[in-house]
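Here come two complexes built around chain A, the first alongside chain B, the second alongside chain C.
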Partner chain A sequence: MSLGYYFLLPVLFSFLTPYFKKLGSFTLRGSSILLSLVLFLQTVAYVGVKLPQISQFSIKPPLGIAFILDGYSLLFLLIFTFSALVVSFYMYWFFEENSGRDEARFYVFFNMLIAGSIGMILSCDIFNLYIFFEITGICSYTLSAFNKDKLGLESGIKYLIIGSIASIFIVFAIMLIYLQIGTVNLGLIAQRFHLIDPKISVLIVLMLFIGFGAKAELFPMNFWAPDIYQGSISSVNGLFSSVVAKAYLFVFFHLFYLFNLGSKYMLFVMVIGAITFLVSEFTALNQTNVKRLFAYSTLGQLGILFMALSTNSSQTVSGALFHLTSHSISKLLIFLALGILIHKFKSAKIDILGNFKSGFLTIVLAIGFLSILGIPPFSGFVGKILILKGFALSQNYTAIAFILLVSIVEAIYFFRLTAMMLDKKRAKVTVKVGSVNYIILTLLAVLIILFGVYPSLLTHYTDLATNALLHPTNYLNYALGVGL
Partner chain B sequence: MNLKKVLPLKHIVLSLLSSALLLSVVGLLMQVKTDMFKNVGTIYLNLNMQTAAANAVTSVVTFFRGIDTVGEVTVLFLATSGVALMLSATQRTCDKVVKQESFILNAGSRLLLSVIILFGVYIIIHGHLSPGGGFQGGVVIATAFLLLFLANPNMKLSHGILTLGESLSGATYVLVVIIGLFKMNILLGNFLPHPIGEIGELISGGIIPVVYILVGIKVGSEMSVIVEYFVKEDYYKEVCDA
Partner chain C sequence: MNSIFLLLNLLPILFLYQFGGALHVSLPLTSEFTLSLIQTPLGTFFAYLSLISFLLVTIAQKSKKLACNYYVLQFLLSMAMLAIVLAGDFITFFIGWEIMTWSSYFLISKSNSIDIKSLQKYILFSLASAFSLIAGIVIAYSFAHSFDFSVISNSFKDMPFNIKVALIVLFSLSFFTKAGVIGLHYWVVDTYSKAPNLFSSILSAVMSKMGIYGLFLVYGNIVGYQELKMMFGTILNGTDFGYVLAWIGVATSIIATFKAITQDEVKRLLAYSSIAQLGYIIAVIGFGTTYGVAGAMYHTLIHTIIKLLLFINVAAIVAQTGKNRFSQLGGLIYRTPVSFVMLLIGIIGLAGMPPLGGFASKFMMYNAAIDTKFALILIGMLFSGAASFLYCYKLVYGIYLGHPTSKNLETTKEVPISYLIPQIILALLLVLAGTFPGAFIKIINPILVEFSLSTIPYSGLGVMNSAVGSFNGFFIMSAFVVFFVLILLLITRIKSKAKNNLNRFDISYCGEVPTQDTSLHFGFGFGTDLYRIKFVNAILKRSSSSFYESLATQTKKTSELFSRMYYGNIHNTMIIILLFFSTLFFIGVN
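Let's look at the complex of A and B:
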């Protein structure tokens, strides 16, 4: 199998969607599930294969464009294709319940959203990466407006404006890079980046920081994120939280370490991450809409990830990647479970968490909440403890104290939500969970517990990813086309 | 006239600040030397003979950086789907018919239609020889339909044919990319014969004209759909809501 299929198969599927639609909605949904399954199985087949793998287009790199899979991208690829598979099963239930929606177009945007995110993490050419950035962007604008009500359209137009501004900055940065280095191949840029005039290199870094930071929901540029989460359907929220934001974060740190910016900008990114964490968790405290609440919680977790990933120490980065995987799974679980409740109550007020009666949903939601909060034996605990351990090894006690203190704020609202679910005094409405959702949510909850109890299942891959991220020699050789 | 009301101090300060920022960036750019390395554009120009396409820009767009073009086509496709998704809610069936503008305008636009489409097709199939190509030719074709809509607002495009053209050309494009993998062991390989001797002929350059024709069909049908959605949006507002 070639890496190009990660992009080409979804494109082929999207182009042919009008004909799948004519064959009936069962074929449409089934083929989307099949596509996600094929991509997931392809990714699983790459586990254990000698990395990096390369797939070239037209001519050899550095002149041509290539997709490169190393340990770092493999971890993200596993998360993305797994989330896509889970969400495509979930959407089967969603469209059964909400008939009359524009299913065919949803699947087009959904599959291209995944393909664009995967393209961003595989491409070794910064302009090609920008194309995938645009594809992911357009899909997210449309998906966030998929409800077509007032909130949905507001979120769509907001995302469109923010996304366009972010892409202007990135195009400008790419233009400056091309003017200075004469190429857009990531390998050559990484090799020659230190030769650029320092004044220009600061400008380039700033532009890339604004562009990718705005999309990865970093503090000064993330005011739009909660509105977008509020306006879109909850499966899309799950995707934004566990796939799209993570793809931008991937690119951010991939460029960060490839261009060797660690020594100069580490403190800057760390402080920005810390502010993101602090502000988001405090804002989450007084939210009355569940979607907004978990949007802020996502921003907070991204803040921790930014703090930990910028440290350049392998223990902390490995812990951060563990936490990232755990966060993706937990947020997907929470948003999909919330989707069932929101569908039942037709409201996203925080009260719905207290008004439902379903033992199964209470358990999985509690697992999700406690995992994000970092309570043993769930995977979030291991992620956080690994990050703290990494900080302790590099003797950064300020960061440890900061994370622990702000986590108290996080604990306040997560325990409040859990208590609300368990409160027996409230009026309860029985919520039934369909068999498909039962399986999906159980699978996600089991994964959270499994990674919490046996962290070594995952740490193997996070260590591989950390090694590939911090020492990208192999990646650079492939990107430069050495020995191909 | 109160100047403070028309131009508040905040706006003046903001615009002054932003222009100062812009000027400093431009000043920074002016003093930077840009010829540190041989840029990849020059290398592509030297390699152009390999593809046997007379137009070097075309060989960069469709071959050397061909996957970018697949991406661009996808971006346009997604934009069209987005427009359709957003506007299909406001568009309902409406049987009211507006009076035609005038017979001469209508007949004249129909006469021009074939000429414009022919010109678009010319631009598309000569994409590898002269300036132009699939994107430009496709947009020219869409302007022909725009003219028809302006002359006769009652006109409807056949969506079956447009979807067929769009889907099939897009799917074939992806298949061309994948066939390259099996024939040349590299995605988007130029698997059709492209001897250098044929440079400048209509049939030359291997897959390059094939790709541009497919892109042309796809862009032409997509742009026509976008034009129709936008024109009809106004039409429904004026005619049906009145």
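Let's look at the complex of A and C:
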């Protein structure tokens, strides 16, 4: 199957949504699940195939448009399609419980969001990348405003404004690149990037940094992010945390290593990542709204990932990609489990949510928390120890001390939540978990444990991804159309 | 349920026995990590110590209706500890360490008296300990390029001096936190006193010993006592390093002893006593001499036995009476005579009096201090040893002697047999450890060889040899038993003549006749007089809590400061982004 179907199928589905809706809500939900399943299985089918794979449309690159799948994008593709599958199942339950919500609107934008995110990580020219960036953006704005209340609309409009600013920066950067080099093909840009006048190249890099950094929720540009998380429904939060933010992060580091910016900007990105981590974890301590709290937690984890991914050392980057995968799974688990509680209590206040009584939810949430904190035998541990090990090999003890110290701050709020769940003195309300949610939450928890006790399952793909990210020779050849 | 987990707890003991020292397993986790289990004499000693403790506590849990998940977590905890002591590399060690942390956290949370603050204290200190450990591990890795104990140990000599010191400090901090050295003990007392009563015995007797195991591992195996001597030089007959550590240990034991005396809650007293006893171990662990290591090791064994005994005893009394303060207990000697005898044996051991095992271990430690000529340390240890008599006395007086403080104490029945069985076994072990101290020399000698220290000469089961002198435990015990029986006969003859028909309110002082609610129990105010001694008052008034509470306040303030940035004004966000961009551009272009 051509890589183009990753984009075409969801778009087709989105256009057909009104007809599906006429056939009944079961058809609508079912077909969305089916679509996600097809995409996921298709991605699984790429596992083990010789990479990179290319799908060109009409004209051969570098002139034509093409999608390229290498080791790096395969890992993200697996995460995205898996998250989409889990969220589709979850939404089946959600709309069952909240009948009367505008299902069709959700599914149109949900599938377009997935299509846009996947397009961003597959496309090999920067202008297409921008188009997918916009598609993802617009879908996120609408999805975050899915609750048509004050908070929802506020988050939608804020996201729209920030998204537009980020787009302006990126369009300018692309314009400058095109003016300087005369191409939008990533391979050609990478080849000729060093020819650009240093002052202009600084401007381009900064504009790309601001554009993608603002979307990937880096520190001085992330003041909007918690508001977005607060206003959205929790499954959309899960998507933002494990798909959308990760897609921007993907592009950020893809360009970072393609344009060979590592030597010049490494320290800068690392410091920005560190500040993001520090500020977010401290801010999270002070939260009373559970969605905001986990928004800050997501920002903090993204901070660690930026710190580790910018190091240009295969050990650390591989660890960071492991951590990224594990974080995506854990955050998805946490947001979906919280969604069940928020639906039950009709509130996202921590004090109120702490009153639930459900052994199952307590266990899966505790697994998610422990995994994000990097405590064995859960998957977060492997990611964190690999990152620390990488830093140790480059003798960067400051980073190690920093990560460990801030992790203690992180532990404060995670264990405050855990203690609240375990507190026997609270007036408890029994929460029942439906069978669909039971299955998906168990699946996520099992994955977290599985990757924790048998990390070789995942390290194979993170090593492939690291190799593709740090040594993009093959990718460049394909992007330039050599040997096609 | 109880029987199933009893058998499950028995299995690893049999398994370990079956292997008999030859266990060597390695399991590749990823291409970079290999988990390995190796049975060393040191690890085996601690493995048996923890496994048998778990077995005994499980026996005591027979009479409680505990849920399945409680037993599962407890079994997980015991397996984690087994992984710690049998680990052949730091990754296995750390995984065990962290599983120990969270499984014990969930077990503590099952108590009815626990609150969020104590839980937070426990988990944050445990995680700080773990993070300090992992920092040490990755720094060691950056030089050795391996997590294996033997590889790190071999390459330790070639590391730069500051890295060596950093490693020793990081590892020590981590294990000190677990053992509860003064200053890092903030979590200990609350956790031990608020945990489920029987689980407190595991916390105090076994989990704190994992800190001691870590110290032995690092000082003895990874760094090596020879290397410590070469790094820091020597003072008198011991190492400089050991001298500093000895002061830390002695300070811990003196301060904790005085704190223990003034406690009113039984388990808080035991918690402070536990800190004080571990202080002795830490005092002698760094001496780097044969008798220092032997004393620390023997005291580890004895303290485990005693604390299990005492905590199970107290748990039984609390379960039986529902009271956990000295001011609410008293006079139980006639109602629960067997428990009384068990506690008596326990405190005789705790005070370090002959003829029980406590004496033998104190003897070794004092000998080690004499051997290294650390006279001040010896005085400190003797001082805190003497002061510990007071809390031992409070323990037995407050619970069993004096007058019962309330009516329902007069109708209390003897505690269930399931509580008594482990106590009797432990008391027997304590008696045996005092009678045959020579047997311990046989256990310790392989460990001394492992640390490349000279071994202790063995001359018979009953004889404990040391550098300064020796004693025959068997002889002391025989003499003691003879005298004890004679005195017992004498007392029972006098007793039979006296009439026991007095009521506890048949007294009057200064013309006042006590009423039903007047407390006649001495245990109530015991130890408050200590505040009048200036030196002790100074110790008792100070507390590490103000430091940690101000740290918490600072964290909160920082958090508030940072969260002020996120107040959600989109215009300001836009302006910040533009300003950020222009600043960066300015810096970048110039």
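As a working rule, the second predicted complex is superposed on the first by the 482 of 484 C-alpha atoms of A that agree within 3 Å, B and C clash if a C-alpha of one lies under 4 Å from a C-alpha of the other, contacts with A are read in each partner's own complex, and residues count from 1 in each chain.
Definition applied: contacts are C-beta pairs under 8 Å (C-beta built on N, C-alpha and C of every residue); 3 or more make two chains touch, one makes a residue touch a chain.
Every value quoted in this text rests on a predicted model; they were computed, and no experiment measured them.
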Contacts of A:Ile168 with chain B and chain C, given as first, second, both or neither: neither
First (chain B), second (chain C), both or neither touched by A:Leu203: both
Partner chain in contact with A:Leu422 - chain B first, chain C second, else both or neither: second
Touching partner for A:Leu41 - first (chain B), second (chain C), both, neither: neither
Chain B versus chain C as contact partner of A:Asn286, first or second or both or neither: second
Touched partner set for A:Val184, first chain B, second chain C, both or neither: first
Overlap of chain C and chain B interfaces on chain A (superposed complexes): 199, 203
Complex contacts: residues of chain A adjacent to chain B: 2, 4, 7-8, 11-12, 14-16, 18-19, 55-59, 62-65, 102, 105, 108-109, 112, 119, 127-128, 131-132, 134-135, 138-139, 141-142, 145-146, 148, 156, 176, 178-185, 192, 195, 197, 199-200, 203
Sites on chain C touched by chain A in the complex: 28-33, 91, 94-95, 98-99, 101-102, 105-106, 109-110, 112, 116, 119-120, 123-124, 127-128, 131-132, 134-135, 138-139, 141-142, 145, 555-556, 558-560, 562-563, 565-566, 568-570, 572-574, 576-577, 580-581, 584-585, 588-589
Partner chain C, residues of chain A touching it in the complex: 158, 161-162, 165, 169, 199, 202-203, 205-207, 209-210, 214, 220-221, 223-224, 226-227, 279, 282-287, 366, 370, 373, 375-377, 381-382, 385-386, 388-389, 391-393, 395, 397, 400-401, 404-405, 407-409, 411-412, 415-416, 419-420, 422-424, 454-456, 459
Of chain B, residues touching chain A in the complex: 25, 28-29, 32, 34, 36-40, 43-44, 47, 63-68, 70-72, 74-75, 77-79, 81-82, 84-86, 88-89, 163, 166-167, 170-171, 174-175, 177-178, 181, 186-190
